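Below are two complexes that have chain A in common, paired first with chain B and then with chain C.
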Partner chain A sequence: MDIDKANKEATEKMIEARAVLVGLGKAKDVIPGMRENLLLHAGPPITWERASGPMRGAITGALIFEGKVRDEDGARALVENGEIELEPCHHHQSVGPMAGVTSPSMSVYIIENETHGNRAFSNLNEGYGKVLRYGAYDSEVQERLRWMEEVMGPVLKDAIEASGGIDIKALLSEALHMGDEGHNRNKAGSILYLKALAPHIARVSKDSAVAAQVLQAIGDNALSVLNPVMAACKVMADAAHGIAGSTIVTTMARNGTDFGIRVSGLDDQWFTAPAQIPKGLYFPGYADEHANADIGDSTITETAGIGGFAMAAAPAIVTFVSGTPKDATNATMEMYEIAFSEHRAFTIPSMSFRGTPIGIDLRKVVETGITPRVNTGIAHKEAGVGQIGAGLVRPPMEIFESALVAYAEKYDI
Partner chain B sequence: MSTVSTEIRRGAYFDSVVLMELQSSLKRLPEVLDVGVMMATAANKDLLNMQGLLDESAKDAQPEDLIICIKAANEAFAQTALAEVDNLLVRRRSAVDQDYLPKSLAAATKMLPDANWVLVSVPGQYATRVAREALELQKNVFLYSDNVSIEDEVSLKQQARRQSLLVMGPDCGTAIVNGIGFGFANQVRRGPVGLVGASGTGLQHVTSRIHQLGGGITHALGTGGRDLSTPVAATTALQSLDLLRRDPETKVIVLISKPPAEEVAAVMLRQARMTQKPVVVNFIGHSAPEKMTDENLHFARSLDEAAELAVGLGLAPQISRPPETPTSERVTHGSGHLRGLFSGGTLAHEVLLMLRNYLPAVYSNIPLNKAHKLPDVWTSQEHTIIDLGEDEFTVGRPHPMLDNTLRLQRLQQEADDPSVGMILLDVVLGHGAHPDPAAELAPAISAARAAAKKAGRNLEIVALVVGTDDDPQGFASQVERLQQAGARVEMSTRSLAAHVGQKLPVVGKAPEGQNVDLKVLQQPVAVLNVGLESFAASIKAQEAEALHVDWRPPAGGNDKLLSILERMKKK
Partner chain C sequence: MDIDKANKEATEKMIEARAVLVGLGKAKDVIPGMRENLLLHAGPPITWERASGPMRGAITGALIFEGKVRDEDGARALVENGEIELEPCHHHQSVGPMAGVTSPSMSVYIIENETHGNRAFSNLNEGYGKVLRYGAYDSEVQERLRWMEEVMGPVLKDAIEASGGIDIKALLSEALHMGDEGHNRNKAGSILYLKALAPHIARVSKDSAVAAQVLQAIGDNALSVLNPVMAACKVMADAAHGIAGSTIVTTMARNGTDFGIRVSGLDDQWFTAPAQIPKGLYFPGYADEHANADIGDSTITETAGIGGFAMAAAPAIVTFVSGTPKDATNATMEMYEIAFSEHRAFTIPSMSFRGTPIGIDLRKVVETGITPRVNTGIAHKEAGVGQIGAGLVRPPMEIFESALVAYAEKYDI
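What follows is the complex of A and B.
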């Protein structure tokens, strides 16, 4: 067995995957395996009992949105008695930021990999403040979700279809040259996204006031493109999954309690360990002790060679960890040590257009002791408070070690 | 009443300089009485124990664990100091705008592609792995680390030789390449003397003395103290000697070693003779020959004398020498084994002694060491010299100086052996000896050479003639008839041995791999440093390029994971 060959195949597929936003649909209509009594969530599998505050809050909010419960106690009862089931987004070709909770009647982006044909899905981004993905679920949150579903969703759906598809891979390549890294900083990408959609939104809206509202919502939210970007990264990573003998990590995800990874050559097995508290800067009034453990599927960006791996492209982001621009370069330099290859489409101007590190190689992580760098938002540990900061986090080393041991067993090494 | 607080950090590796700095910073904290910060090796734990710093909790710590012990006036001060450890370590690291320090050699190579050397000073148990990785990246290795097994040393050096690279060490303290000192080295003037040393402080002493005496050096190549042992067989020393032979800047060569293995010393001396440059030899503790100068070899009795000789030879106008004959050519010219059939015991013994400088092993019934004792005196093997005057041959027979019967039989036997390329005979004239040895030997020599020629072989027969003009046998006539029969005649054992050395293969077979490219000495030194950070700083201080690798034990020192990774490499 040639491990390098398998890894080359996996990383080439990630690099070659051309992710295009092709449409929008209701989760229950478009996500494979989605059903009325199912909620998708970020990270590896989780139970109510082990779920963190923001995860429980998001589950509650989604069930209120679906009209199934009125409060957290109701949500707990439905989940604990099995009437509502919880499954990872990742088991359904999906990804969601922070809690990542996606319910059957929510609209999701449809991303298609035009190179290999696979699809991925992600919910819509709500913006900042009190939002479901950080576990907030009060009436303000519900109102916002309903507006997104009833007003923004249909306009976006028509506009995306009218556009004939938006090439998210090309958008990312450009955004990396404009100071984004695609995970924590999507300012440029979101404006490019707005630019791509705006004429179509104007064309498909029957009401110019609605068009203005939708354009404003996208334009005001510097994370509006994050969800399509995550789904784009998901089709890239999925294309690389399931290659016999490959040690490339194809999933990194957190549910607020555990950090989990999956590896291309190790089927769908999760390797998990308790997630860590990110290190970073807090909004005024908050500190470490308020922080929830690391949460969200957005680590799919690092898995696909952007985010923390492309930190050198986004020097502005180092303020989260009170660093200097050189620290941003050093962060990317460090990630080259554990990457199998360098991207051809995602390049970094300040490093003479060197490709971003792509394809996290399990072997290199264990050998060097360097875990992937993840740029992330920090959630309050209590449901409903929301984002309290942003910073840097790394997965626990032991999940890579146990994956390596599992690899040795599976392949009789 | 003082108290000791201890913290164990599992698998936390820091180089010893960092730990020393941490230790001294901790000692300066208030009410701290004593501090021990060490990797938990058995020796270090003993040391901490003697200082009264080792408590129960630290006794189970493993060598890859870091122990921090703080003795303070009371528990609170000790805990305060322990809490400072991370800050002190970070403070050291967080120089503003620090350039990226690569974590692996592979990454470092991309950052400094011109690097031609890797300095390795990581703990011994990891050193072989790092050195091997360096070789795989086509880098020469200066291996400062000790506690590397001799098996690993042999395997690393053989790999290096196959790749035409150098491995200096393990346990190599000193080298100076193209003016840049590696490890511990003195600032030495440039000049004509090139050195090869299997002794770090020996090299430092001799290079310093050369400088003090007004001389200077081209390069000082370290080999590690075990290079001239039997298992390692001078792999690095021979490569280094060959480099200095070809280096046009090097006019005089100095060889220094701790006591070498006898047979390895012999190989080194043979190679030294072939450098065509003056070679000063100081094999510490090795019995120097009675002659202090032997052709191009100059034997020094001490390091000081080695330096003095080298400086003197460097100043002396060079006598013009025949053009260099590269080793490989000699190997192809010479062919076959040597057989010596002596009637004089002392002659045989002296020729054996002299041939030690040219041939790896000569079997005999009177060998220089037991390993080369001929199992059956009636059958020669490989290179063999027989003293036919020994009791085993003379029982019931006249001495071979009187009667050539046995020698003529044996001459025929040796000549018929297709592996034989040269036969030596002594012809001792004078009163009491055979009245006309040439009468019997010349026809036999003729016949033997003719038979060999018929078989398509070139058989050379060399006769060492001992006698005077006034001897009854007629010296000139004996020589003439031997020469007419096709023998080469020599009159001294030294010229005989030198002739053998010229003609026969130097070693059994040519070493694998090409010679190390002279570029390694001529290009500007650029170094990747793995281990002690101060070594990188010292290279930079000498205005050469150096990149420090922020190395950590692979897989956190976890043996199980490491062995999986190793096996995956072989898949």
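What follows is the complex of A and C.
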């Protein structure tokens, strides 16, 4: 078994994947395997019983949005009796930030990997404050979701199509030269996204008031591009998945209860353990005791070599996730220890344009005892509240150890 | 004479000045002292005879634009016989990049310093390629100028007014955290500017095709915001001017022949010497021998503590102006040697949010032998060609020495 050769193939595929935003469609129309009674969610598989507050809140909110229930009790009943099924986004070529709950009627971005042909999907970003992805679901959240679906969605769809596609990989390369790390800081990326779409939005909108609203919504939300970026990272990671003998991690995801990983050479098996509470900066009035365990598919960014791995590109992020600019550089330096390679498209100007660490090697994680660094938002542990901070977290070491044991068994090493 | 006290007052005024883009108007309607037979130009005073190729080209282009001449011979005749007069932008609360030629019918940005009440003006940015500011003036240039005046200008005017004003100081603070230095690299600033204006552009445009064109033009031009930024720096520097006893430099400007400075405590006297050829990276096919001497009012950015002084914030700029990211950091470190203070609004994340060096102190320049570092574009030395590269340049030391001599005489030290 030439592990290095397999890992090289996996990592090269991640690097070479050219992720382009090609369209927008309803989840039920475009996501493979999506169906009327299915909700997708972040992280590894979960049941209602084991789901955290924000996950239950987001499931409730999505079912209210779909017109199937009126409250959390209703949601619980439908999920527990099996009328509504829950499956990971990752089982459907999809990713969603935080709770990641995606229901059949929601619009999703369609990202195509023009190098290898695979596709991935992600929902639209709601912005800040009370939002579904953090488990809020009241009328304010619903109104916003409806506006996104009825007003913004159609304009975005037409604008993306009129643009002929937006190269998200190129956008990310540029954003990393503009102080983003692509996960918690997408300030530059989001306005690069606005720049790419703005003329098309003006052209395709039925009236100028709608164009103005959509331009404002995208411009005001410094996470507008996070969801296309996550789906872009997903096509990169998926391209690297399923290579016999490879120890490269191709999924890292959390459902608010468990942190799970999957490995290129280990088929679709999840390795999971309890997710941890992020360390970071809280909004006024909140502290560790209010925080939910780590949640979301957005760790796909670190899986693809950005986010916490590209911290050195984003020294200003420490005002948001805590620490000093030196810590940001150290974070990237540490990640080189567990990465198989260095990216060619994603580079860090302040490190003389060195490529970001790419391809988390299971062997190196276990050998060095260094787990991946992940940037993340922090959700309140109760349903209905929302975001209370942002910070840093690491996956539990035991999932890498279990994966390595499984690898040794499968490949008889 | 308490020089430090005077310098503190000058520098604090520069730091405290809150520069807001409040409107757009025709030069002849809004710039104090502008008149039908006047052209403003970059740098210290100049005659046709001593003017460089790009300056002559820009004068010619502006007079063609005004319908007064058809070619360079015509322009020369009008200027030499005194029918058309030339005066520095700086004598009219104005600044213009490169040749900086501003004619009565051109639209200019209006920037107001909300702290001290003074105003400054700058023309619109034409984008790249063959442009008036680099001395090109053919039909392509004229067509672009007319489109800017007839189509983009009115939309921008209405959009800026509808926005209620755009805080350019705040925009710059943010852009410095996004890899800009605010002079040669305004990538982030220009899309932040687009973000601020986009909804208003959509709303005020007569039709969606025009809105789309204007959004595209602003978004595609990574220097869109340079001119408002320069006028913002001008209100900051002007606020610091005229303080008795202050040795702070309040103007640095080049007309393509001479580099000139003015000093806060030395009234409106210019100290000039021949401008130098920038060192940098040339576009394919060009080299030092094609380069014009340093030209433009854009050194107002360094005067106000950004540009070459904030190089450490913009490591990616070295791909454009030459050097390594380490050189960029060193440039900022060197400028602390000649600066009176550190900025509070303009900070550098990678230096633990240290403020940029602000307030060039004549005494320190002469004592240390360190002249200010300036980032700049490079113009072809012949009229009509345009930009051929970008790089770094320093003003001649002798102008600081002459200014210090004048200071000693005036204040009898």
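The rule we apply is simple: the second predicted complex is superposed on the first by the 410 of 413 C-alpha atoms of A that agree within 3 Å, B and C clash if a C-alpha of one lies under 4 Å from a C-alpha of the other, contacts with A are read in each partner's own complex, and residues count from 1 in each chain.
Here, contacts are C-beta pairs under 8 Å (C-beta built on N, C-alpha and C of every residue); 3 or more make two chains touch, one makes a residue touch a chain.
This is a predicted model, so every value here is computed, not measured.
In the superposition on chain A, A:R70 makes contact with neither chain B nor chain C. By the touch criterion stated above, A:V366 is placed in contact with chain B alone, chain C being left untouched. Once chain A of one complex is fitted onto chain A of the other, the partner contacts of A:E337 are limited to chain B, with no touch recorded for chain C.
Of the two partner chains, chain C is the only one touched by A:A212; chain B is not. Once the two complexes are overlaid on the shared chain, A:R146 sits clear of chain B and of chain C alike.
Of the two partner chains placed by superposition, chain B and chain C are both touched by A:T324.
Shared-chain residue A:E401: touches chain B; no touch with chain C. By the touch criterion defined above, A:H177 reaches chain C but does not reach chain B. Comparing chain C and chain B on the residues of chain A they touch gives the larger count to C. Once both structures are placed on chain A, chain A residues 324, 326 are touched by chain B and, in the other complex, by chain C. Within the complex formed with chain B, the residues of chain A that make contact are 1-3, 247, 324, 326, 329-330, 333-334, 336-337, 363, 366-370, 397, 401, 404-405, 407-408, 411, 413. Of all residues in chain C, those touching chain A in their complex are 177-180, 187-188, 191-192, 194-196, 198-203, 205, 208-209, 211-213, 215-216, 219, 315-316, 318, 324-326, 349-353.
Put simply, chain B touches chain A in their complex at residues 96-100, 102-104, 106-107, 110, 552, 554-556, 558, 560-561, 564-565, 567-568, 571.
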